[in-house]
Each structure stands twice: as C-alpha cells, then as structure tokens.
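Next, two complexes with chain A in common: one pairs it with chain B, the other with chain C.
For the complex of A and B:
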C-alpha cells in the first residue's frame, strides 16, 4: 500500500510540471491584460495534436513537432489577442464569453479533424519504463518533467532579466505607471500572449508524450490551470509550481486510492477546500497582487 | 524648453484648462501651485499625453507628438506621486524600469549606482518590494525611477502629498540637489511655502487658468496666499 501511495505521489509530481506550464501561460495573459483566457487549455490541446499529427504521419518522435506546434499555437494565440483587444466595453466579462466560445470552436475543429479517439505516443523510447529504486516512470514522463522545470527556469529568467519580461511585470503591476516609463502596454500584451502560446506549445507536446489526450482534454486543462492559479496566485513561479504539483498529486492519489473516474472531481474538491479554509490561497496574501 | 500655447483640455465635454500659456525655462525649476480643482493635475495629464487637447505643446521648439510612452522616450518624464511605484517589484527593479526607453539602457549599472549615491536609503532597501516601503521611500523610488529615464524635463507631481513634514523636507532637499545639478524641473505642488522656497519661476493656477506668472524671488507669500484663496479685494487684481 505504501508503495502504491509513493508511486502515486511520484507520478503526481511528474504531471505537476506540465500543469504548471499550462497555469503559467494562463497567468501571464491574465497579468498583462487582466483577462482570463478560457481557451488556454485548447491552445495546449492544439499543440498536443500537432505532436500526434507529426508522429502519426512521419513516424518521428513527437518532440520533433515542437517547431510546428510553436508556429501554429503562437499564431492562434496572437489571433486570440487581436480578437480580445477588439472588445472595448466590459472587457473582463466579455472576454470570458469570447474566449470560452473560441475554446469550443477549437475543440470541435480538433474533433472534426482528428475524431474523438484517445491519442498517446507510440514511441517505444518514450514509453520505456525507468526505475528509481521502487518507483517507476515512463521515460516520456521524466523528459516532460525536466523540460517543464527548465522552461520555468527560462521563464523566471526572462521575467527577471530581459527588458520585455520586466515590462510584462511592470504592466501587470501598474499599467499607468508603466506607460509613464515609456512602455507601450498594447505591445506588451501581444508579447505576453505570444509567450503564453509558446508555453502552451511545449506543454501540449510534453502532455502528449507522457499521457493521453482527446478533444475534451483542452477544457479540463483550462479548469486545472484555473484551479492552480487560485491555489497559488499569479505572482510567483515557484508558487504556481507547488500548486500544480499539489493538484497533480491529489489527482494521482485519487486514481490510486479510489477511481480514475473521480480524478477531475478531486481537483475541484481541493479547490473548494482551499477556498473555504485558506481564502487567500496557499501562500496567503503575499502571492496576491494588489 | 517646454512651452504651451493656448492649451485647452479636459475630460470629454467638460473643459478644465482654458487657454493656458506657460513657458518652462531650461535648467530652471518651475513650480505650479494652486488649490484643489485648479487644473494642475489635468495640466500634467495633458502634458504627458494622457488627455487630448487643443492648442500647442512645444518641446525645444518642436510640437510634441506621440502617446505617453513615446513622450517618455523623448525625455519628457513624469514622476507620479509615490503610490504609482511598481509595488510587487523590488526597489532595484523599479529603478531599472525607469531606463526602459532604448536610449537609456546602455550604462544601466552605473546609473543605478548613481541613484544609490543620490538616495542612500534606497540602497539599503534595494531588494525589498516597493510596496513595503514608507511613503517617503516610495516617493524616492518614484523620483529615482524618473531620473533613470535621463529626463530632459522632469515633471514632479505633488511630492509632498501624504508625507510627514520632516519627510517632505527630506524630499525637497533632494529636489534642490537635482536643481543644482541643472535638471529642468516642473513641480506641481499644493504647499505654496515649500514650492516657493525651491522655485525659480512660479505659476499660480485657479479654475483652469493661470492667474500669476512671476519669478519666485519677487513673490510675497502673503500676496500669493491672498490670490491662492481668492480673498476679498484681490479678485480684481487677479483678473488683470
């Protein structure tokens, strides 16, 4: 029994890395533009299907799909930005409706093109088991986790040390002050949507290599990203990572101890518990933005 | 250096500024004083491109063009009141962002050290979040951040607002030092006494009009206060 629980914890941490990437994309767009992109999970889904497309058509390892996924998903993310930017009144509310609808369109487009079957990688290399003492993982899971952590490091560095990254944080922090510092907010919003699209591309390909995807996965991912953001706030990358791992572990334990049918429910229960018991999120007021 | 000609602006149908003609001399500190509702903030918002206007704004003889962020890049830099710092970024990151316009980025590290020499207190707090600073320190961050943008003109909005008197003195010592270094400064202030003590030129605004423009050295504080509060018997003088 202990073995099973440890194994579940391990798997939960591994999937948590990808969840964190998804949530960080959502948080970036939210920070810069103050809108919740309900189609963000579908962007990730789109990238996953690009990986499936490349693997099934060419027989290459799905990671070769990253350039294609980057181009397609960043283009869609940019188009999303242009549409959201056209909303002049009540942007917070209207953007929810707009992005929700775009998410449905994307899901159905994928359903139409790729059918509703579950897809996962057929690469023997990625599916090989790797053991760490008593714990096992697919090689794909390990690679996806390492990739996620590296990308989080890159994102952290970018936000901290590049001019565009600093400007994204400045616009998130105080839009008017940012304008006075010579920052054009519209350009920074575009940049943050493009970076969110890039993160979604990597997350989607990684998800395909370690897990199973189907057209409904996109919506589930948006919900997960939203739960993580509420758990952790949008202020810190380590916070989002911890929130994502917590969600991953909760889901994995539910699958091990109860049933895989309850996986999505477990995240929601965690979400409600945190809202009731720690209304400021896991990390208190500090992670909240003023 | 900076000049407005028949500047009229406001919010939609409501006109706040009426035919404002002002000249800000290079290397001088020009104070704009006036009671609440005089249009000081509207003037500042117009100068920094946040409001549409009629009339002309000239910088170095050329009409000002572009949005707020373009103006900052051209050297028209505003120091907003201290509440407008980036609260969830550190003091050093705030300073760094002041240098966002491309022409300011080259000698970033040297410039930040220069700011620390100017504001030693900020050096102690360099890794602290700006949101955790006291009002006076936040004001210093806002000023340091503005200076990082290598301003040709520095517009400072109500630096005394909400600060304890002793901190106000500290902030104005710094403004005095900036002026001695030759920075062209436009100071918006409600506190006439302290504004008069640092200013070269002074303009008094009331109800969206400039009613007094003089060298600060020749202004008598009592007379200024009479005009400021529009006391009986001086209204006619103001109208002339």
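For the complex of A and C:
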C-alpha cells in the first residue's frame, strides 16, 4: 500500500510539471490583459496534435514537432489576442465568452481533422520504464518533467532580467504607471500572448509524450490550469509549480486510492475548498478576486 | 431588503415600455404559431419542443447574466438536478408529474444554495466555480447509483399526464406545456426587471460599491437571482426529462446544457427577454437541421464561429440589431447604452 501511495506521489509530481507549464501560460495572459483565456487548454492540445502529426507522418520522435508547434500555436495565440483586443464593451464578460467560443472552434477543428480517437506516442524510447529504487516512470515522463522545470527557470529569468520580461511585470502590476514609464501596453500584451503560446507549445508536446490526448482534453486542461492559478494565487512561478504538483498528486492519489472516475472530482473539490477557505491562494498573493 | 426609489417615470420611458410589451406579445404569438408555420410534422414538432426547452434554459442563463451580472459556465448543474429530482419524485414517491416538475425546480434552487459562497467571487472565478459544481453534480449522479440508477440511467418514470382530456404527452400537448412555461417565465422576467428589484440590480451592475452605500443589499439580491435562475433551469430540465422519458448522468448533466444556453443567449442578445428565447430557437434549428447535415461530427464548430462573430460584431445580439434597425435616427447614444430591450 505504501508502495502504491509513493508511486502515486511520484507520478503526480511528474505530471505536475507539465500542468505548471499550462498554468503559467494562462497566468501570463491573465497578468497582461486581466482576462482568463478559456482557449488556453486548446492551444496546448493543438501543440499535442502537432506532435502526433509529426510522429505519425514522419516517424520521427515527437519532440521534433516543437518547431512546428511553436509556429502554429504562437500564430493562433497571436490571432486570439488580436480578436480579444477588439472587444471594447463589458470587456471582462465578453472576453470570457469570446475565448470560450474560440475554444469550441479549436476543439471541433481538431475533432474534424484528427477524429475523436485517443492519441499517444508510439515511441518505444519514450515509453521505456525507468526505475528509481521502487518507483517507476516512463522515460517520456522524466524528460517532460525536466523540460518543464528548465522552461520554468528560463521564464523566471526572462521575467526577472530581460527588458520585455520586466515590462510584462510592470504592465501586470500597474498599467498606467507602466505607460508613463514609456512602455507600450499593447505591445507587451502581444508579447505575453506569444510567450503564453510558446509555453503552450512545449506543454502540449510534452503532454503528448507522457499521456494520452483527445479533443476533449483541451477544455479539461483549461480548467486544470485555472484551478492551479487559484491554488497558487497569481504572481509567483514557484507558487504555480507547487499548485500544479499539488493538483497532480491529488489526482494521482484519487486514482490510486479511489477510482479514476473520481479524478476530476478531486481537482474540483480542491479548487472549491481553496477558493472558499483561502481566497488568496495557498501562497498568499496579494491579488483579490472577491 | 431596502431598495432605493425607482428613478424611471418619464413619459418616454413608459411609452417605450408599452412598445416593448407589444413586441413581447407579438414574439410569443409567433412562437405559438411556429408549429403551424413549419408544417406541424411530428419531426418538426419534436425539434421545436427541444428548441423551446433550450429557450427556457437560455432565458434562465440570461436572467443571471443580465440582472445578476454573473456568467455561468455550469447551468447543466441546475438542469440536471431538476430533471433527476422531478423524475425521481414521480417514480419513487408517486408525486403527480405536474407537481413534480416545479418541485424539480425547487430542488435545483436548493442545490444552488451550495453555490452561495461563489457569489462573492467576481467574473471568471464565479464562472469557473459554477463549472466545478456542474462537474461535481454529474459525478455524484453517476456515483449515487442506489438513488439515480448510476451510469445505466433511469427510464421507468411517468411522462406528462392527460389533463382535461388533452394528452400532454403527445407532441402538440408537450409543445403547449413547454411554451406556456417559457411565456410564464418571460413575464416573470419582465415584471422583475420593471420592479424596484430590477432597478436596484441595474444599479449594482453599474457600480456595486456605490449601490451598497445607498443601502441595497447587493449580495442578497444577487442570491435571489441565482435562486430564480436555478429554479427556471430546473423546471426546464424536469420538463425535458418527462418529455424524453430517459435520463443518464452524462446526458442530464452534459456540458451541452451549459454551452448551448450561452450561445443561444449571446446570439439572441442576453440583455433582452425575447433575445435568448428566439436565439435558442434559431441556434437549435440551425445546429440540428443545417450544421449537422453539413458536418455530422464536430458541427459545434459552426456554433463556435457564430458565437465568436456575435461577441465581436454584435455584442447585443439579434435583439440589439433589431432594435438598432427600428430606432435608427430616433435615439442615438442613449438607446445604445440602455441595458434593457424587448
């Protein structure tokens, strides 16, 4: 029994890395424009299907799909930004509905092109088991986790040190003050959406190498990413990572101890608990949502 | 609750209200005649019944969105609870169906009490919290199989009865029942919007803080809107359950019941009363008759495109376009800005 629980914890942490990438993309777009992009999970899904496309057509390892995924997903993310930016009235509400509509379009486009079957990598290299003492993982899971952690490090460095990264943080914390300092908010918003698209590309390809995807996965990923930002509070990369790991572990433990039918329920209950009991998230960011 | 005095009593406003009343009446007459206009074939009647069920659900969504200022991504929760509650009351306790249907609405309202803590959340947090509830309810309906029959579903429960010699279970009868409910709730909506409560809710939408300062209990009013919205959605869930005669969790709590009312209401214009009702009829028929024949699998892509175009180009929906057409030149900015329409 202990073995099973330890294994569940381990698997939960590994999937948590990818969840964190998905959630960071959502948080970045939210920080810049104060809107929740309800199509973000579908962007990740699009990248996953690019990986499937490359693998099934060329027989190459799915990670070779990253350039294609970056181009396609960043282009869609940019188009999404342009559309959302056109909304002038009741911006919060209408942007929710618009991104939701784009999510429906993307999900169904993927359904039309790739059919509703579940897809996962067929690479033997990625599916090989790796053992750490009593704990097992697929090689794909380990690679995806390492990739996620490295990308989080890069993102952290970018936000902290680069001019654009600091401008993104400035716009998120005070748009008008940032404008007075000579930053063009519209440009920074574009950059945020492009970076969010890039994160979604890596997350999607990584997800494809370690898990199964189907058209409905996109919506579920959006919800998970939102749950994580609620857990973490907005504004810290380590917080998002911990929130993502917490969600991954909760799901894995639910599957191990109860049943896989309850996996989503666990995430939702965790979400509602944090929302009502700790309105500022587990890690106490200042942003209020009430 | 204490409410500020009504601010609208100018003659212009009252004549506009009358015009709206006439439009509303005309719209409902069109709905009543719709089966005759479309040839009254059983197939068409069946489609129209489903379309009207969706009208009711869209009306309930729009009421929460327009008067309560809340976007819900989880109306499937109320719809599903209403349908299961009514079917179970009729099947297990022998409650007459026509009583079980409003009771289904009551149970849906009770279930919305669990969502009250979500009211203090704003915008996307509320929307997603409701989504979480809908998921939880669907999973509960699957897991509590001693009560609900679980994933296998529920089929042996009574349908609509015969009343005064009219068989409500046949398609024409069902159409009349559903239409009557749509009309009833449309009238309730209009009366509510004209009342002091409606004025207060409009003020809340403008500035919640300022409204609180003048003594309006905003949270209480918003919870009433949530209750009413849940009740309406529950009633239409119950109607649907007794008309189709079969329930399973994946159907009754399907995301379709959360998504379709949004599309229908936004398409028709969720700030009006007739908008969601006609939006639902148009969208449902478009989806079932045109979209499905064009694209058998994935036809929702067309709905997504319609929704995106409407939000971008006509955020007030069909109702807004119609109003702009009729009031061209008479009102300019002011009528554009007013929330309510026919």
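What we mean here is this: the second predicted complex is superposed on the first by the 284 of 290 C-alpha atoms of A that agree within 3 Å, B and C clash if a C-alpha of one lies under 4 Å from a C-alpha of the other, contacts with A are read in each partner's own complex, and residues count from 1 in each chain.
Note that in this section a contact is a pair of C-beta atoms (placed from the backbone, for glycine too) under 8 Å apart; a residue touches a chain by one contact, two chains touch by 3 or more.
Given the structure is predicted, the values throughout are model-derived calculations rather than measurements.
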Contacts of A:96 with chain B and chain C, given as first, second, both or neither: second
Partner chain in contact with A:199 - chain B first, chain C second, else both or neither: neither
First, second, both or neither for A:268, with chain B first and chain C second: second
Partner chain(s) touched by A:20 [first = chain B, second = chain C, both, neither]: neither
First (chain B), second (chain C), both or neither touched by A:245: neither
Touching partner for A:159 - first (chain B), second (chain C), both, neither: neither
Touched chain A residues, chain B compared with chain C: C
Which superposed partner A:83 touches (first chain B, second chain C, both, neither): second
Partner chain in contact with A:183 - chain B first, chain C second, else both or neither: first
Where chain A meets both chain C and chain B, residue numbers: 289-290
In the complex with chain C, residue positions of chain A that touch it: 35-36, 83, 86-87, 89-90, 92-94, 96-98, 100-105, 107-109, 111-112, 116, 219, 223, 226, 230, 261-262, 264-265, 268-269, 271-272, 275-276, 289-290
Footprint of chain A on chain B - complex, ascending: 48, 50, 67-70, 72-73, 77-78, 80, 84-89, 93, 96-98, 100-101, 105, 131, 145, 149
Complex contact set, residues of chain A against chain B: 163, 166-167, 169-170, 173-174, 176-184, 235, 289-290
Touching residues on chain C, where the partner in the complex is chain A: 65, 71, 73, 117-118, 120-125, 127-129, 131-133, 135-136, 139, 142-143, 255, 259, 262-263, 266, 295, 297-301, 303-305, 307-308, 311-312, 315
